[in-house]
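By written order: A, B, C and D. Residues from 1 in each chain.
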Amino acid sequence: MLHFDSDYMEGAAPAIMERLCNTNLEQTPGYGTDKYSNNARQLVRSAVGNHFADVHFLVGGTQTNASIIGALLRGAEAVVAAETGHISVHEAGAVEATGHKVITLPGKEGKLEADKLESYLHDFYEDDTWQHMALPALVYISFPTEFGTVYSLKELEAISSVCHRYSVKLFADGARLGYALAAKGCDVTIKDLYRLCDAFYIGGTKVGAMFGEVLVLKNKDLAPHFYTDSKRFGAMLAKGRLLGLQFETLFADDFKLYKECGRNGVEKAMELRAAFEAKGYRPAIDSHTNQQFFTLPNTVIDTIAKGATFEYWGPRGAESSTVRFVTNWATTSEAVAQLAALIP
Amino acid sequence: MLHFDSDYMEGAAPAIMERLCNTNLEQTPGYGTDKYSNNARQLVRSAVGNHFADVHFLVGGTQTNASIIGALLRGAEAVVAAETGHISVHEAGAVEATGHKVITLPGKEGKLEADKLESYLHDFYEDDTWQHMALPALVYISFPTEFGTVYSLKELEAISSVCHRYSVKLFADGARLGYALAAKGCDVTIKDLYRLCDAFYIGGTKVGAMFGEVLVLKNKDLAPHFYTDSKRFGAMLAKGRLLGLQFETLFADDFKLYKECGRNGVEKAMELRAAFEAKGYRPAIDSHTNQQFFTLPNTVIDTIAKGATFEYWGPRGAESSTVRFVTNWATTSEAVAQLAALIP
Amino acid sequence: MLHFDSDYMEGAAPAIMERLCNTNLEQTPGYGTDKYSNNARQLVRSAVGNHFADVHFLVGGTQTNASIIGALLRGAEAVVAAETGHISVHEAGAVEATGHKVITLPGKEGKLEADKLESYLHDFYEDDTWQHMALPALVYISFPTEFGTVYSLKELEAISSVCHRYSVKLFADGARLGYALAAKGCDVTIKDLYRLCDAFYIGGTKVGAMFGEVLVLKNKDLAPHFYTDSKRFGAMLAKGRLLGLQFETLFADDFKLYKECGRNGVEKAMELRAAFEAKGYRPAIDSHTNQQFFTLPNTVIDTIAKGATFEYWGPRGAESSTVRFVTNWATTSEAVAQLAALIP
Amino acid sequence: MLHFDSDYMEGAAPAIMERLCNTNLEQTPGYGTDKYSNNARQLVRSAVGNHFADVHFLVGGTQTNASIIGALLRGAEAVVAAETGHISVHEAGAVEATGHKVITLPGKEGKLEADKLESYLHDFYEDDTWQHMALPALVYISFPTEFGTVYSLKELEAISSVCHRYSVKLFADGARLGYALAAKGCDVTIKDLYRLCDAFYIGGTKVGAMFGEVLVLKNKDLAPHFYTDSKRFGAMLAKGRLLGLQFETLFADDFKLYKECGRNGVEKAMELRAAFEAKGYRPAIDSHTNQQFFTLPNTVIDTIAKGATFEYWGPRGAESSTVRFVTNWATTSEAVAQLAALIP
């Protein structure tokens, strides 16, 4: 049976496993103070081009989203996200558990649109009763989105610009960042993300790491005690070496391994897309990253399901449904070819 | 200048002021343990017809909503409300501050619809990933709604029935309850609310009291420590006499004064509606309670605004806007007649 | 039966009741935007001598403590209080409900001591693991304390100085502030409180008001959105006139009525103290405010209890117990004389 | 340089590393639904002797403590712990971040005493004002404690019995459980913990696992939605295989590897203790687990520090200090011998 359900089904890139084994009995100080963590932080600072960047290692995506969003907001402040944003839908109310509302706006294929965001913010302060409502203080975007789409540099700049005009911070969820950076046509770099966002994270769990996410804050002033805040959130791993070493391995030599992981996921996704297109099925969304969506006749879905697992995203009429196939750093061309052979 | 902005602009029904003055120097024990509070609780239990009803006095509406919703939910549980529900829009994220998500569904003139609610709940559990989402555990309705509309008994029974089928609790925000009960065509009684809801509150602030809301829980098991919970929420008034005595006054003789307050608000609202209709303006919403909405040409609005204040609810096209006029227990026919004279 | 249990047993100073009645049917805008509230805020700004002071009206003490402490703290930050501090003991975990720890230090008759506070803060940062602990970011003191004692100006300056040295904010709970300011030997003024604290509140509920507390922040930057934050906490009263008018009445003419209320409570407390001393009973604590503590033989307590109520504070050995008697703005010399007659 | 600072300095038991490598490219479903997790849960249920036991895998200790304590408490309920309890001191206010107070009682070498606990609970409900205080609803103990001590079965039964009498739940933090179970004289088994506690966790991070903790709830009713609750807390690992496989490896064959890990830590601790005793230094606390405390002359400490790291626990007079040495599953007799050679 083939598996294209999600990008967290395998473990870690072999180079990471090897180093984890080699250093397994090395004794290192805890909580991210080890040499591997220090080095990995340095690599991130170099990549974003600013040594004031404040870098933290966390274990998972929901944890990273909720702990930093909770740290950036105060009192009645709220975060604004697309209706389809991961924090709105699939994190069990983790942001709300930190006491803050998630305000949702309609998006377009997973993306917030700068003009819609601006209209919302403009109208918010036009309303005489705005002081009785949760205050928009942070914007959450996912990069790439839950639909595999990627903001262009121009779109990201526009959103960032609206945020600045309304004194709203900007945070990008990069759970699958590696697959965006490797996507055809993506003109946004990690340096751009650092420049245009107040905070973002570089996802590891889905992009070659065994687990782990790297949170990057523009500077330490944004959340001066985030180290302790993350402890309070239960998000600080005792054995910091595990995270530091993984990201050191992924980020060494100008993010070499991280880029390779991203590239493989995208290449295999493009092969998968081509396989469906060859059978006459157009993608439901024009995604150039590792998530591919197709609206297929239910009979076709049933046929493929005999040999592969993937995610069901809901019916489209009585006879068809939308489904999602996900590739990752470990997907092989052989697996894609086997999947292709299943498509009737 | 006439004022029809809201139903909290005046103080308290004269009978209440009189009793507050008469008992002002009486010494009573604190925190709702005084004889007036005990008696008022008894009057509520009689009205709902069940001596297991658990009755608490609180100071304001947002406080009541957030403290009881927070007490009824655990962990990842969430409350479901109409998009226009007061807790979704105008309470500054108070529910989220207790750690819980407000899930919104489209409503119809402020009302949740039983079939839409059922579809949502049904689909929720059909989704394979439901355990990764905030869990719908409570439904919030406002009675009457923010648009002045009132659920019929049949509608309320349908919602209650859906809630029971899906093990979801039901809570009704009765900030303006008195105006619903007095509305033409309202076939729901306080006994029905008690029977069909797990909790609801009888609003005082907007219906004759100086301030205060009466929270009614079906029984003590729903929130066994709510007395202490309300203290933790800063919602317990030291001088319990103030609340107990007000509600004793409103609820004596089978809710005599409370009903009178409701009736006056509704009567004056109907006079106001008739005044607009006489000038050819149809209500924007068919409200039979104390809130009346009209979509009027902006020139008409400007003319009325010279002699009266009211709430602006937003543009309807380039030339017209929707506005809201609110009456209450203290509104006089003279004031309505003066307003009528302002309508061009 | 005489009542000396607490200072919230009666209603409001007659001048307040009169004005509440006179303005009862006046229509005013809501949520503290009315003219009475504006005027009362102005009176407070004059009293503290700084027009940048940010003034908010709230309903009760626990509500005020929890909402401002919650607004001043972020993430892993905590508040430090004496073990006997009201927030540590008698507020049902309201501060913790905002997500923050209350760190307790031993006090002396209810007061924190500057040198003990300094030792604690010094040692905290000496500990290598301090970043794994809740961070002391705010100090809470009660003025007067729960034992009726009052910080001298020198003591308050010392605490304020320690706070500044360690970048810790200072907040004073003034639930009974009027009785401190009127106490013999109190050399602290409202101006001093404003100068030495980042925030404090002027208690109304226990000092002449029907209900209400006045929160004073040094400036708006401390909690920029506190108006909305208080709404989120359910602490914003719809009918702002009720609070504004009460405090306008108490604070007019250089806090004339507020001072009278304080003075009466203290005078009657001194009469009460003299009555016990005349019978040979020394106060358990040297309080010069409206709370008086005596350790009395249980037989004496039982005798007094036949004609008066008061609070039992716990046994002192097998034969004696400590009890508390509280006077207030409404206590009469006649009542104290009747109590005196009960002392065997 | 030798390292005896803590028990999280190395990685994982070799057998675990090997299996992680062997299964690295195996594709498994996420979030604990994989076969390894299912099997590990089954092994735990067998070990506690009850198939109703509800078993969850989490990543770290603070996370486990805070998420389950938060899930077990409602509203004004609080957890009671020893003053030295890890949740009171070293978790950055994580429990308070879930909204609940940590009430502390003095302990004895890290242990709560049943009679002191009973006195506290008895007195709590004797106090007339108890409904205004945070309500003790859960007791937290650490097993072994932060001082390496272990409750005897009799002590644990006494605490459990007090808890039951006062309707208070009991939770045991087993971060170092393996070292307690292997300790000389420990007469408590995992079955006893299950029988006497409502919840406890079996620590992996410090006892042979790369990371991870196994939370055991008496049954599913205690926290019916804990799976989703843990997601909301950011505590659910996407790649559930990582946790399931580790604990399957540790718990197979009647906890064979887990016991070996515990045994080695304790054996090496006893060797270390003997080394100090041979030089005339008596342990500061009679610990039979993997943490050993000595009060040593500062000159001795300085000498040892030239060749080994360990934790400084504070001064004891001007000339001596208490220090902690920790062994674990990976500590070798050689390392201990080298340490012994450093002791002057």
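As a convention for this text, contacts are C-beta pairs under 8 Å (C-beta built on N, C-alpha and C of every residue); 3 or more make two chains touch, one makes a residue touch a chain.
Everything numeric here is computed off the predicted structure, so don't read it as measured data.
Chemist: How many steps does it take, at the fewest, to get from chain B to chain D if each step moves to a chain that touches the one before?
Modeler: 1
Chemist: Please state whether B-C or A-B has more C-beta contact pairs across its interface.
Modeler: Taking the two pairs in turn, the one with more contacts turns out to be B-C.
Chemist: Tell me which of A-D, A-C or C-D has the interface of B-D again, with more than half the contact pairs shared?
Modeler: A-C
Chemist: Tell me, please, which chain's centre (mean of its C-alpha atoms) is farthest from the centre of chain D?
Modeler: Using the mean of the C-alpha atoms as each chain's centre, the farthest one from chain D is B.
Chemist: Considering chain A as a copy of chain D, what rotation angle in degrees (nearest 5) results from a C-alpha superposition of the former onto the latter?
Modeler: 180
Chemist: Averaged over CA atoms, how far is the centre of chain B from the centre of chain C? Could you give it in whole Å?
Modeler: The separation of the two C-alpha centroids amounts to 33 Å.
Chemist: Please tell me the distance, in whole Å, between the geometric centres of chain A and chain C computed from their C-alpha atoms.
Modeler: Here the centre of chain C sits 49 Å away from the centre of chain A.
Chemist: With chain centres taken as the means of their Cα atoms, state the distance from chain A to chain B in Å.
Modeler: About 42 Å separates the centre of chain A from that of chain B.
Chemist: Pull out every residue in chain C that's touching 2 or more other chains.
Modeler: 76, 91-93, 97-99, 132-135, 228-229, 231-232, in rising order.
Chemist: With touch defined as at the start, can you tell me which chain B residues reach chain A in the complex?
Modeler: Checking each residue of chain B against chain A gives 76, 78, 89-93, 96-102, 128-129, 132-135, 312.
Chemist: Taking the complex as given, what residues does chain B use to touch chain D?
Modeler: 31, 70-71, 74-77, 98-99, 131-135, 223, 225-229, 231-232
Chemist: Can you check the complex and tell me which residues of chain A touch chain D?
Modeler: Contacts found on chain A: 3, 5-6, 8-12, 14, 17, 20-21, 23-30, 59-67, 91-94, 97, 205-206, 210-211, 228-229, 231-239, 241-242, 330.
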